[in-house]
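One structure follows; several queries about it will come next.
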């Protein structure tokens, strides 16, 4: 994509503005992107030509303003622009669940949401669960019950489990299985992941 | 049994890298971000067989942000592990299947790289093609290689694959009855969650590749060979790996493509596969057509087995194409001819226990059917014919197959629950089934370095990659046990060829036995040095000392003791132990782990839907190093078998030769909702040659799972399904309400 | 994904106006609700819109309103919200269940009721960038010569896709209506008439024009004494679309049907109403024999292809099961 010099804010201009260097450097430091006010979200994205906008979103309690291509998914922006690589992309087609995050209290595939649709949304990713070194009970349970094998689906499994526990603190085995059913695990560790979610419910 | 008391081996130990795995901090290859890194995508052939006449990249090059385009006319790099019997390049001409790589583009972001693929103009001359393996062997079939479509050997492999002992002619004469039948299995993708990705960067003449590989050492060797570099100038790093199940071992084409693009642009390049690329661009399990002839006595005793089979290897031969499911039975007379065959389809190669589950499905179905026809309970049939001698002659280093069968049957309640096949009537029909499996246990080359620091902590430095098995944790546990230093005092360095010594690669279930044995030897080396240093402190001779739980003490008088840090306080730096080990089983002894699986199903005769209601997996894997991760391995193997039994098959559209379901949705990988609680039993077993008595765990569990489910469906319906996967449509056609 | 411009309208009127403008400029514009389904088509470049009109920024399209006559469901209500709605669960449990059978939890959390009704086919030829099929402006329906195990057994030709919606059969069985906003204002019509057979147009699944937007679904309460069922046959219990689904609403008294609605999903390019079976059931005492007979009648015109013969039996069996359960 040619760098835009129009009235819109080009990605390169934006990067220069926040001081993150050349266009190839995809990681923008979170600190630089922190919006001064956490509560103020424009309800409208700033339209710029050829499919780019600045969006304001809240991720793990932090406000971000970031310029995105309209064709960038939330998963890509989390990983490539905000450096939150704990959200994995397994299929990029809404068919595996590795990219699951919690958006306004509901688990969704971040590969199947455009970042430009996320204005004003409150997003929780795997990085937002632990408080420093203190793990969320569901993370602790995933360690103790061997939730991760290869671990690539684990963030997604945990986020679906977390979304369940946020709405239903005492799920049954069947409810937990159904709540996780949008998360594939090719290592086949399904028993363990459900065990861990149920153990986390008990631990609360 | 020569078992001993262990401190940490044999317990259920959470993974040492659990924190990183549950917080998202674990860095997988795709998470690597380097300054000024480019993104690359691959263009693939839309034709099953075609000569490329020209590739015009001029339009794509004009797209702002496009930095380099490589293809067969400007890049000749061999992909050594991509072709066992042919010289395969990273870009081939002619292309031989829909999905064969044609070009790769590096651009400033992935979207531009994808836009550029649309702008590359390739002129093809279509060639005749063949999709079906049996048809490919006919004399008039289109030839994919000059010598024909039977994959011929290059010295390393033979074709067809032949194995024979005893005399099948004699065995069939001795038989009371001879049965013949054909079983068919389909191409199933490994479908690991992490898509293939490679990040390459050059620092002067040195290449670093962040690979998603099961084996950093063999990946380094492959890359060095392909690009004609000294080993010292190739560094392969893989810290966390999102599984592969056999299709990410060694270096693959995308590693070389990333390296070439990085060289061409003088920028780091990340080459990512899409999920569709992943389904068609690498490989899945080979499909097979297995024709069995089995001679038995009236009491069910096998007298002879003859197997004639074709395996469909797709367009290139990466691995054996063998079928080894008869391994678990005592067969006095045996003859096998397997013909690995080329077709213009997606490549087939290693997927967890490559030659087993499809062939166990065929042979264990065969035996289950024979038991039915002879009026024998399958339990008695399998117990009677279980293997005692390997290949009709060799002893096993350990063999607890009988315990697997007995304990597994007891747990599921076989004697109470089994009923004659088809006896369950009505809409919901109950069935119970079983099958035997396992996997070779081998010994071989391993290396490890252990550094004990002056504060009594230790670093274990090994070249393993943890593909999800828990290998890092297993190595740390073995080190802790062998050193006598608590597990929480041990750090593991792994997955970086500039730092870590050789490891075989996490394939063929060898990490624990190959590298684990070296860890024990390196620990012995360190302990010797520790005892020499500690001896004066404890006023004893080195050989009189013992180290356990971080305490050095006199064997004869454990009250005379010192904490390790005190015992070695005079050391100013560290104590380093090293070992390269290459043990072998004695001549005439074979190694194997064993398994007997049992399950119950409920078949809905209205919908053809089968629900797996109970599953019991009994395993002989010798001493279990870590019960927690080993149990998970067994559960996972069963789930993969479940997918292969019920739903999974790569479908190639016949009229267009295009794969039509290269995605998780249509490939129908099992979800949470298909999987019951899988009950795992490790029977009491100790192998005198394995590390602490251990044998492999990773591959055995998938081997009997498909057959176990298929046999339970037979018990429920009275119908034998001779072709995988056993989908609702097949059941509906066979079962009337 | 090809580059495109996302637009966030603030009102239905603005959205319709934009769509009209793009249509007049011959620009390819897509209307997106939850987006999870359409994005996948864009990623494989089967859909390459210039503009994406994102309805989620329009306030007031997400609601479930209940009055004595039934429910009014806003177009942007998610499948999860429909499934979990207490009033719907109490009065139309099978509709809640149909919503809960769709796709996966994450897709139900993002996917909308209107989106579920308007989703494009999940035919593997339609979703494959390599196959320029009839529905994408090509010459042939690849299922005819290809692998048609999941394709239509009823109402097919020249295209043999099956309508993938779980909600549609249930809603049609409930005599639901659909409200559509367009350049000429708003109109409300029976949902059954919303879907388009390939004989009428093989390139679209519904009657929506380029500047039309679904705004509401209206679901009347069935007559008292009615029981509804939604059964879905699938290979995997998550993600999979129906191989066959059946939605039935039977109003019975004393074991006999006074009225019946029988709708099949996954068997035809549109939700397939089995009117003759409904007629047969009216006034009949419903036992297993009558249910079997009704099922036979429902599938009478079935023309399966080489790989999908089983769907005929499957549909009959599911229907039999639902009807027997209805009394």
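Letters A, B and C mark the chains in the order given here, with residues in each chain numbered from 1 onward.
The rule is simple: contacts are C-beta pairs under 8 Å (C-beta built on N, C-alpha and C of every residue); 3 or more make two chains touch, one makes a residue touch a chain.
Since this is a predicted model, take the numbers as computed values, not measurements.
Visitor: Nearest chain to the global Cα centroid?
Guide: So the chain nearest the centre of the shown protein is B.
Visitor: More C-beta pairs touching across which pair, B-C or A-B?
Guide: Looking at B-C and A-B side by side, A-B shows more C-beta contacts.
Visitor: Rounded to a whole Å, what is the gap between the Cα centroids of subunit A and subunit B?
Guide: Chain centroid spacing, subunit A to subunit B, equals 31 Å.
Visitor: Provide the C-alpha centroid distance between subunit B and subunit C, rounded to the nearest whole angstrom.
Guide: Measuring from centre to centre gives 42 Å for this pair.
Visitor: Touching at least two other chains at once: which residues of subunit A meet that condition?
Guide: In subunit A, the residues touching two or more other chains are 1, 69, 71, 92-93, 95, 178, 181.
Visitor: Give me the residues of subunit B that touch two or more other chains.
Guide: Where subunit B meets two or more other chains at a single residue, that happens at 111, 664-665, 670-673.
Visitor: By the touch rule stated above, which residues of subunit C touch at least two different other chains?
Guide: Residue numbers touching two or more other chains: 1-3, 237-239.
Visitor: Quick one: which bits of subunit C touch subunit B in the complex? Just the residue numbers, please.
Guide: Listed in rising order, the residues are 1-3, 44-45, 122, 124-125, 128, 130-131, 142, 145-147, 149, 233, 235-240, 243, 307-311, 313-314, 317-318, 320-321.
Visitor: Quick one: which bits of subunit B touch subunit C in the complex? Just the residue numbers, please.
Guide: Result: residues 46, 98, 111, 114-115, 118, 276, 606-609, 646-647, 651, 653-656, 658, 660-661, 664-666, 668, 670-674, 727-729, 732-733, 737 of subunit B touch subunit C.
Visitor: In the complex formed with subunit C, which residues of subunit A make contact?
Guide: Where subunit A meets subunit C, its residues are 1, 43-45, 47, 49-51, 53, 69-71, 73, 92-95, 97, 100, 106-109, 112-114, 116-117, 119, 160, 178-179, 181-182.
Visitor: Can you check the complex and tell me which residues of subunit C touch subunit A?
Guide: Interface residues on the subunit C side: 1-8, 10, 35-36, 39-40, 42-43, 52, 54, 56-57, 78, 80, 103-107, 109-110, 237-239.
Visitor: Considering only the defined contacts, which subunit A positions touch subunit B in the complex?
Guide: Subunit A residues touching subunit B: 1-2, 21-27, 69, 71-72, 79-80, 83-93, 95-96, 98, 125-127, 129-130, 135, 139-140, 142-144, 146-155, 158, 177-178, 180-181, 183-194.
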